[in-house]
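The two complexes that follow have chain A in common; it is paired with chain B in the first and with chain C in the second.
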Partner chain A sequence: MSRLDDALKEALRREDPGPDFTRAVLARAAAERPKRSWWSALASGFRPPLVRWATAGVLACALLATGLEYRREQHQRAEGEAAKHQLVLALRIAGVKLHVAQEKVFERND
Partner chain B sequence: MRIRAILLMAALPVFAQDIKMPASVERLSAKAVETVDVQLDGALLQLAGRFLSGHKPDEAKVKDMLGGLKGIYVRSFEFSQEGEYTAEDLEAIRSQLRVPGWSKIVGVVSKKDKEHTEVYLKVEGGRVGGLVVLAAEPKELTLVHINGSISLEKLSELGGHFGVPKIDIEKNPAKD
Partner chain C sequence: MRLATQMAEPAAVEVVDFAAIVREHQAMVFSIAYHYLRDRALAEEVAQEVFLQLHQHLAEFDSASHLTFWLRRVTSHRSIDSSRRRKLRPQVSLDDVPEPAAMPAVGDPMLSRALQRLVASLPEKPRMVVLLRYQEDLDPGEIAEVLDMPVRTVKSHLQRSLALLREKLHRSVGEENV
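Then we have the complex of A and B:
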């Protein structure tokens, strides 16, 4: 029994790790720390809920503004094309009537 | 009374600048089988100009002409039978052109064809500031008003484009 006690005491004896132990552990921990990509680093900045909501809001506003601008441009394009069509029609009528007037003047002078 | 006189005086220049289809003539649209109503003010002309290509020769000519224009207005009625408009209707239009600045450069009356064609020019400071064409045919009445600085040479250059017949300004022997 005493031999067993002695063996246990020997095995569980407090042993001083030495002065370099702490430094070695810290160095190894630093070496094994996983490297974060720039994307994950950037994304981590958006993790707090407020920032996430703000980002979603800004994106939604940007999408809405883009949609409205596109619609405004389409509307303006339709108006412009209609105005162009009317302009051509007006010039055609004006040209035809001026031509008729000119022909009549020529007829009179012949 | 004084206020009314001031308002009337203030309104006169506006009246002198604008040629409008009289209400009696406007009512002809109910009898017409076909009407054309083009109302292009300065803003709409500028908008139309933005959609004209500067690279296409015919559109470039129109774009070039728009610079000094304040408006283009066309009102045309086509009837199924003769006698839908009266001499008074024409007179209501002509009376608006009997103001300083406007002068009739062409007036052709064809009794045989029952047609009246009149061309009026507004001259401002030696430059053409407006053009009105009044064409009255038995079954058709047309009023064209081009408001603003218009070059007749540029207008004639449009001949052959957009369905506009060729107009030869150089040979025009117009007499009063």
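Then we have the complex of A and C:
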């Protein structure tokens, strides 16, 4: 440790600004308090971990609901497609039978 | 510890603890700003702003060392910003600062004032490095963390600043033990 180090420590030692400084800081902090209070109260209600768990829960529920809804729609669509195919088949069979009946009627008339 | 209880306590208790924190750290915060800016009114303003910022983030501190680190960091950066804004920095260059007539003993008010003026005339980053080293007694690693700079830069600032200060003092007394 050189003499310059000692001299610098002496020259740059801490100085207390005094009790007026403390009072001024507290007064300014108090003046700012009402401005922040409603926001702080609101913010404190959303503090983790409660919010984190709630958000995770809501997201999980939303994902589950979306997945279930998607599966329900897919199932309904498949059922609709199957019904459509059955209807087309029934119409084709009916058409063939009608054609056969029509030909028999024509043969009898001849 | 006090900070831990403070987080869960109502506003009245918080005010009491905040006052205690201000009283405990005001000399450190004010002195960093004052030795850096060499302007008492401006230093008080910077120090008050630092504590008001602290008041808004009081619940975020989990230990006394974290709080002290934060205060040093914010005060350093605010002091540098304030100096830049008001263009207070090199009002006098190192060469313009009058040299002490003779090398007084350590603890001499004249030497202290001369050194304060010399330190105040250093460029902004080296000045803050010297302040944190000799006022706060931080080692280069700690200074690097506070100022967000590499340790080797801190060491380089320290070496150059000390060489400049030593040279200035040598010129006046021509001693080798400074």
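The working rule: the second predicted complex is superposed on the first by the 63 of 110 C-alpha atoms of A that agree within 3 Å, B and C clash if a C-alpha of one lies under 4 Å from a C-alpha of the other, contacts with A are read in each partner's own complex, and residues count from 1 in each chain.
Going forward, a residue touches a chain if its C-beta (ideal position, glycine included) is under 8 Å from a C-beta of that chain, and two chains touch if they have at least 3 such contacts.
These numbers were taken from a predicted model, which means no experiment stands behind them.
Novice: By the touch definition at the top of the document, which applies to A:100: first (chain B), second (chain C), both, or neither?
Specialist: first
Novice: What is the contact status of A:68 with respect to chain B (first) and chain C (second): first, second, both, or neither?
Specialist: neither
Novice: Contacts for A:88 in the overlay, against chain B (first) and chain C (second): which applies, first, second, both or neither?
Specialist: A:88 sits against chain B, while chain C stays out of touch.
Novice: Of the partners chain B and chain C, which touch A:12 in the superposed model: first, second, both, neither?
Specialist: In the superposition, A:12 contacts chain C only.
Novice: Classify the contacts of A:4 with the two partner chains as first (chain B alone), second (chain C alone), both, or neither.
Specialist: second
Novice: Should A:54 be classified as contacting the first partner (chain B), the second (chain C), both, or neither?
Specialist: After superposing on A, A:54 lies clear of both chain B and chain C.
Novice: Quick check for you: in the superposed arrangement, does A:32 touch first (chain B), second (chain C), both or neither?
Specialist: second
Novice: One more residue to check, A:78. First (chain B), second (chain C), both or neither?
Specialist: neither
Novice: In the complex of these two chains, what residues of chain C are touching chain A?
Specialist: Where chain C meets chain A, its residues are 11, 15, 18-19, 22-23, 26-28, 30-31, 34-35, 43-44, 47-48, 51-52, 55-56, 106-107, 111-113, 115-116, 119, 130-131, 134-135, 137, 162, 165-166, 169, 177-178.
Novice: Spell out the residues on chain A that touch chain B in their complex, using ranges where they run on.
Specialist: 76-77, 79-81, 83-84, 86-102, 104-106, 108-109
Novice: Under the definition above, what is the set of chain A residues touching chain C in their complex?
Specialist: Counting only chain A, the residues touching chain C are 2-17, 21-22, 24-26, 28-30, 32-33, 36.
Novice: Could you list, by residue number, the parts of chain B that touch chain A in their complex?
Specialist: Touching chain A from chain B are residues 36, 38, 40, 44-45, 47-48, 50-52, 62, 66, 72-74, 76, 106, 108, 110, 115, 117-119, 131, 133, 135, 142, 144, 146, 155, 158-159, 162-168, 172-175.
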